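So that you can tell them apart, the chains are marked A, B, C and D in the order they are listed, and the count of residues begins at 1 in each.
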């Protein structure tokens, strides 16, 4: 897909995302989510999305915004317990859900980005997750086959970027963002800072994975569970 | 295996490596090889080793030292063209060789470290490498099954470590070292510097993978192909 | 006298050995962190991408980019490292975490664990639990021995969908400690003031007694 | 007049487009780097773990920790990034490299490539070639059209063990340029001064003529 271009407009960045697209979206809970890209997608109103993301935000933030606007057809996630609208749409049959163990989800996304169509894991063996999947023994232990995931687009959030699209993440806001970056046919990254002096030894996502780059201002970074030390 | 301990003696660090062990050794060519651990292993004289490493050094340096001392039974590598002793031992039947494409080798080592016993790749389909391997189609394309590799020990070289065993590599001396670190049942790391102020955002190998840690002095860092710009 | 959860936590912290890398589940297991001896060199892993969880932050230290797997704001200890989710579960799945202590809803006599879904209730998801129980070197489950209605949670077969099959190494309840081996389930310790008879009465699963009990 | 290799290189560099991420094989393909227009924003990948290869170093700049896949000392350009071998081949295998230009020993009319081993000669290994030919988005092979004995290297079937099956998108020789599609092999360009007849004579493979030739 060639190399990153620094763009001005979040609306323009999501312009080519069509109804029915599969999107891989970075973040864990509300930490490290592509705030502005999600909001631009809500404005655009793209429908019938399949979204691969560990969680689905909360009712009024993150991917919950797309859910509330009925833009999501299917979620592929490991945990979706923070969202009332999610429960309603799921129970009414409006929303499909595929639950994937968190480590399997991360590895399936990495595999998709790394050209690996399938891999074996012990995770889920003997549970409902293993139903219908190929089982295979290696050295006397049973594993199941899990498939790589590729997205039409990946929407991610990083801390810093240079203009070549190299990315650096901050603390646990890294989470699924680097693997999502690998697995998008087109990866759109939003960042807090553009810095053309990143140290090449400390790049988390090489620019080869990033096709569109945007800088956001004044990130909300909502905290889901503010926990402080009382003493 | 618990956490890294900073040790004084390279000889002591390799003490428990038994004849017949499988070792995963970091480095690409002579770049980023664990110089001192290899030399300690030569002194110890451990025999019948199976060594998983992209290359096999040169005749008088790197893994070539173990080869010259007839300590290696089998090499699992992607390219072994720099070594005359290698050719002799291979032709005389003293040395077994398993050639693995470089990307498959890196991924097999990562898989071993990541608890993935097998994965599918298109690399090698239709070539001698695919013979005897399970073939499977995904979305109309054929892939072969490759298995994860785990070593009894991994010997690696990093640039800096802290005393928790977190590692940082320098430039292209990183190469196979981070995946080797993951795939050793016991991982022994040698480093140039110990620095207890590494930035947690920029750790390449988290300390969880490192069981023994040593600091080397005055690294040789031999250059295989010195190439300079004439103008 | 200690309440039920305190009993379980006090016993569970004895599983923690100096030098371990440990993953503590959300809820009761998280509380174990406070009880780890100060002189232990232990690193706590958070599966969202951190090795080296520190205490909760002061109000000034709160950082939205620094949370644990329970989505709580945390701090880091010296020598911590951040990594991405694939790397985090490579670490877990690959057997590099020495010990995981997780909560349970049911444990069967063969060491099956159910702790992620109750049919008929709203689906939430398994998060990282299925990966952890199949990956960490030792799996310790902490849970109350019986439900609030008095029914045994230590069962012949789990009635709830499984998180993992034959994955539990040790179960710690408010009544006793059990180990699971290829020989079956074994009672290895009684909580103080508890008799074998009481455990038998409140346990659906069949278990043997370890010699030392 | 240009020699054979110069001809091939001059034609091959036209495959390079502004904005591409490119892997150049060891040997003749490496020389293409020097011919890339200065105003192109192109990043060269080295499969040992670098995106953004720069020129060879001056004697003062030589760094043993900074080499390319041919084990030559190199430098980096602004905006380069280092990564490990698994990440490097994730990038390659996952289709994130726009173009790879590699040398060849034989190419068949179906786009099979042989370039890693000659039976009877000492085994050296395939290095990253098998990964690259199955991974990069476009595979261009550069090679001399005939052996030093005058035998065609563009064959009906490769006689040497394959590096990849139906992997070549374009072949550039000192005589011509060929494309490989589901329709077979097609001559798309002649090198200057070369006739279709000469190409036919020196090519064992069967090929069609593109309309424009």
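Rule of thumb we're sticking to: a residue touches a chain if its C-beta (ideal position, glycine included) is under 8 Å from a C-beta of that chain, and two chains touch if they have at least 3 such contacts.
Only a predicted model underlies this, so the values are computations on that prediction, with no experimental measurement involved.
Centre to centre, using the average C-alpha position, chain B and chain D are separated by 28 Å.
As a whole-number value, the distance joining the C-alpha centres of chain A and chain B reads 32 Å. Mean C-alpha positions place chain C and chain D at a centre distance of 54 Å. Among the residues of chain B, those in touch with two or more other chains are 107, 110, 114-116, 121-122, 169-171, 200-201.
Each of residues 76, 82-83, 89-90, 92-93, 134-135 in chain C touches at least two other chains. Chain contact topology: the protein chains form a pattern that is neither a line, a ring, a star nor a complete graph.
Each chain pair that touches appears in this list: A-B, A-C, A-D, B-C, B-D. Within the complex formed with chain B, the chain C residues making contact are 17, 19-21, 41, 43, 45, 51-52, 76, 78-83, 87, 89-98, 134-135. Note for the complex: chain A touches chain D at residues 1-3, 110, 112-116, 162-164, 166, 182, 196, 198, 200-201, 203, 206-209.
Of all the residues in chain B, the ones that touch chain A in their complex are 107, 111, 114-122, 136, 138-139, 141, 143, 147, 168-171, 199-202. The residues of chain B lying in touch with chain D in their complex are 28-32, 54, 77-81, 87, 90-91, 97, 99, 101-107, 109-110, 121-129, 159, 169-179, 204, 221-229. Contact residues of chain C toward chain A in the complex are 46-50, 55-59, 62-68, 70-74, 76, 82-86, 88-90, 92-93, 112, 122-132, 134-135, 161-166.
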